[in-house]
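Below are structures written as structure tokens.
The following pair of complexes shares a single chain, chain A, combined with chain B in the former and chain C in the latter.
After this line comes the complex of A and B, so read on.
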């Protein structure tokens, strides 16, 4: 009894036990390794983006500010009178006339005058930029590069500034901003939401609550699953054929009289929003169906049991307990739409517009497209503003997902404590 | 519901039973229920009497719950379930073409095996059913009365705004009974209402059933033969044949069925030989 049992000798049991534990440990180590690897890659990705957002830049002014007025080294030291006189003397006649026409020089603020002079007189140009790591480690190369280029100077740039967010598109990376792209993205997401949410939730309610389990509905269901896996560029081609071409009178707004700008030819915010709406529709349907499936049947039965109709059951019992999951799924689907580039490129998003979108019939560009354009340019400084735009896009996505989680938790908490 | 919807012959409204006349509320005539191709219940015919408790007993899979659900057309909600035969409610066929199942369920309420209050406040659990059915009276009064009838008022009167899911299992089940009677049905169907509860909560439900009998006709499915003998006036014993199809073996006043069963199967079941 002391050293044997039905499972064998004690020493054997011990050896078998050790082998079992070793196997468990092996898998555990493997899983930890996988997690660490994933986290490492994420950190690497974020690091490489953030690396481009900060760093030294060597800038060369076409005209040195110290040559404009004797005794003044920097534009910030200029008095108001000096600013106005420099502007009137140095700006070309055509520009001066246009600027004056928009708002007379004497009525403009100091800040406005300084930016005018910087833009048209000083004309700073980034000769070369460095990432954060390089700036820290190889500061001497930055300095020697500056010394090679006469008249240039070093600044430590933070490319993601408030000015970067509110400035419009420009051919000069030092002045370019993402306002038009950000507004374009927000407009498109709004159209996508308005289009895909009601249709998606409606279709999900039909499929989950009303549809009978027959061959037709099973085929329908299978197709929705397949649609959610279709590459997004295919949706772009569909959007091009349907929204941009076939429905051009509607999507360009030419059918409606109140359109000012119809140069977009159907390549409008409306077309883009509808295309992305189609893209996320299957995702919203599947998410909503999952949310409805999670509602226990006993709840429906108890509702029918006291004489509720099908619709009363859905509206008063099923939807209130599933709405948090439906909303979360929708916002996650919208996050995906926000990051989509390919379908919008296909339907013809503008690559360079500096006019804010005025409505659903405007031309548009979006953040991902802006990033794509900038990162394809050869000049180094575009890489930096592309990185800054990526960070802005990530922050926007983070905010949206946080709102989704907050909303879900709030509704769930309300449900728990419900009065 | 109008009597023009009648398809079969009008059954007699009263029947004689052990020397006394009882008013008949429901009559099941040749009820056959199928789940897809599977014949779940065959040829069940029985009568349910007003303000009496009728118990359905029998081994697992004998179709007693299926028959119960056919009475208020809950089987309509189960995909693939089909029903042949008739259920007469005050002489009118509930499966007539012009009969709205929603209206049937308001007049024939249901309490389920697992307590399933709505995830809303106690107050709203009771008021909601009345509201969707177009109740125009005083809701506070209705809630109070329903909770008193379900013997729950004293326990919850100070926390009517609290979520019903925070009540104990027994309290939840009594709330479900209160919710059912708030829409003033005539018949209450109970599908093993105490099987998920502890003995004390079960005892309270049984007391409540005897109390509710004064105002409602009750049909209760139970696995517990002691419970059937304690609360019911009539008992229907269902059996299952070799094809797993359920059928009604014996239907009699409870005392008679338990003390003098006509069929050998009944005797074997109530004496615990199988089940």
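After this line comes the complex of A and C, so read on.
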């Protein structure tokens, strides 16, 4: 009788219990595994990018610097007079005239002269590049590759240098930089902010504070949710038809002035910023609504209790206590805009411009678009500068988000002090 | 006394009206999208080279020779999305279950930011990852002869990683919204943690989870930069995920990125495809929202 119970033999129950426990453990391991996998994805993603930012490159000079002046191996060893004489002798007449026109050779700094000679005389070219991991593990393949190519040499490159940030666009990956794209991104974000922030916060205040629960307002709410999930490329098509084409006189600036260079045809910073403004508007509305929801009703009630109107309550009570959350939500929405590529490609961002954007009617390119173009090229070195540009973009996003968190904490602390 | 309060009431009406108009802008955007897509699509279908039936059933998309059948593009879009979902849903759901049912507060505090970082990375970065990591990985696993340099498998898998944080976060919310009493009742009946999760919690959260999956699918279908970089730049009707094939979004980006003249068939065709994309994703979003609203009513 000892080994049976009302449910059957105890050993059988025990076995059954064990099987259930084992099954539970098996699935738990699966869940943990999936979670580890998600973390692994993040590590691989960031790792594969950082890997391409550093590594060996085999460079071949069209002209060996040691052949320019006898007894000097490196450009750094040249004296000022030697630099000037090499530049005047070796630069073609056309380039010399243009360079002289910008700033006479004799007035240029040594550093400037060296980069001129490098650009027009030595003309270094990256034959092949390696990622960081490969550089560490397979150094011998790098060396043997160099030996196969006469006159080439190995350098360990850090692709994300200060020069990379401030340099112009260029078709040569060794000289290309992201200044124009970075400025383009910042301009676009500014327009997006100015357009979407007031409208988004206003709409959210209406929906959260004023709107009664009727059909129209329910439709508004559903529609905003829907808009937030519309693929970004659709916003690009909207921007193309509305801002670039229909509103061209306004977005190209030709309505306001006829001096403006009109090659941009409406494919301007203004169009790009407005397009992204429409894109982030539903996100800002939803985030602001969340911020307003978090304000306790007792605050509103006590404000009404002392005779304040609805608007006075919102302006003097609700907004001040929720502004930190509203700003955080807005910055999150702007980070989204900063990383957007597809809509801007669709409205026709420039593929190659060397002039910095001068205002809202300028042509533009942005950091993500620059990354897109470099990634799409098959040659090795473009991959490295694409990775460097990605790191620059991620750092920019990180800075924005840190500023958001810092401001939020600061406002929160101030509020505590006042209270 | 009365005059002051009337003045206050009037000044209170002005901001309300302005903000109501701001809220209406959202409707204007939706209507604007619909009107523009329909108008340009109308121009597209009015072109003598195009007809609606051929568009919906044609197996070739070659604008150069006036072939406008969108099945190859739709097929590639569905291939990448299905691959993305078959990675994103099981992994995302598992992460959600782990986070809400198993993880300690400390593990959650570490994992939540990881998901947030993954969700905050721009899609173009995922595109780069597909091209420089996933594709070489697939090629070394299955052979260079089998896997083309551009292929829908790589793009699909990376889109799966891209929607994973979204699925995990939303699914965790759905699971977390299931009342604790249900779990306790299941434990009281002798259920193990797994049995409680699978037989009580998940069924109770099913509508919230379906809403999540539909929204993720909509996101995968509309995803652009990953497919533009990794899936291939030419329409191709193929069932092989290791072949290159261009998706709807990939085509729109490639055509609009080049120099297309306005009012050409090419130009109008991207709006027609945009309309298809908009209808698909809008429907998915709408169903998702309906389901999730019902779910919230159940437990609130």
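Keep in mind that, in the parts below, the second predicted complex is superposed on the first by the 381 of 419 C-alpha atoms of A that agree within 3 Å, B and C clash if a C-alpha of one lies under 4 Å from a C-alpha of the other, contacts with A are read in each partner's own complex, and residues count from 1 in each chain.
In this text, a residue touches a chain if its C-beta (ideal position, glycine included) is under 8 Å from a C-beta of that chain, and two chains touch if they have at least 3 such contacts.
As the structure is a computational prediction, the values presented were derived from the model and not from experiment.
Student: Applying the document's definition of touch, where does A:306 land relative to chain B and chain C: first, second, both, or neither?
Tutor: Touch partner of A:306: chain B, not chain C.
Student: Applying the touch criterion given at the start, work out whether A:223 contacts chain B, chain C, both or neither, answering first, second, both or neither.
Tutor: A:223 sits against chain C, while chain B stays out of touch.
Student: In the overlaid three-chain picture, which partner chain does A:166 touch, first (chain B) or second (chain C), both, or neither?
Tutor: neither
Student: In the overlaid three-chain picture, which partner chain does A:412 touch, first (chain B) or second (chain C), both, or neither?
Tutor: neither
Student: Counting only touches as set out at the top, which of chain B and chain C does A:212 meet: first, second, both, neither?
Tutor: After superposition on chain A, A:212 lies in contact with chain B alone.
Student: Identify which of chain B and chain C touches the larger number of residues of chain A.
Tutor: Residues of chain A touched, chain B against chain C: more for C.
Student: Considering only touches as defined above, state whether A:106 meets chain B (first), chain C (second), both or neither.
Tutor: neither
Student: Quick one: classify A:10 as touching chain B (first), chain C (second), both or neither.
Tutor: So A:10 meets neither chain B nor chain C here.
Student: So, A:35: does it touch chain B (first), chain C (second), both, or neither?
Tutor: Touch status of A:35: second partner only.
Student: So, does A:298 touch the first partner chain B, the second partner chain C, both, or neither?
Tutor: First partner only, chain B.
Student: Report, in rising order, the residues of chain A that make contact with chain B in one complex and with chain C in the other.
Tutor: Overlap of chain B and chain C footprints on chain A: residues 309, 312.
Student: Chain A touches which residues of chain C in the complex?
Tutor: Touching chain A from chain C are residues 8-9, 11-12, 15-16, 18-20, 22-27, 29-30, 32-33, 36-37, 40, 90-91, 94-95, 97-99, 102-103, 111, 114-115, 117-118, 120-129, 131-133, 161, 164-165, 168, 192-195, 215, 218-219, 221-225, 228-229, 249, 252-253, 256-257, 262, 270-271, 274, 277-278, 281-282, 285-286, 288-289.
Student: Under the stated contact criterion, what part of chain A meets chain C in this complex?
Tutor: Residue list for chain A touching chain C: 20-21, 23-24, 27-28, 30-35, 37-39, 41-42, 44-45, 48-49, 52, 198-200, 202-203, 205-207, 210-211, 219-220, 222-227, 229-238, 240-242, 245, 278, 281-282, 285, 309-312, 314, 335, 338-342, 345-348, 351, 368, 371-372, 375-376, 383, 386-387, 390, 393-394, 397, 401.
Student: Mind pulling up the chain A residues that touch chain B in the complex?
Tutor: Touch residues, chain A against chain B: 212-213, 296, 298-309, 312, 316-317, 320-321, 415-419.
Student: How about chain B: which of its residues touch chain A in the complex?
Tutor: The contact residues of chain B facing chain A are 72, 74, 77, 79-80, 102-103, 105-107, 109-112, 114, 116-121, 128-129, 132-133, 161, 163, 176, 179-180, 182-183.
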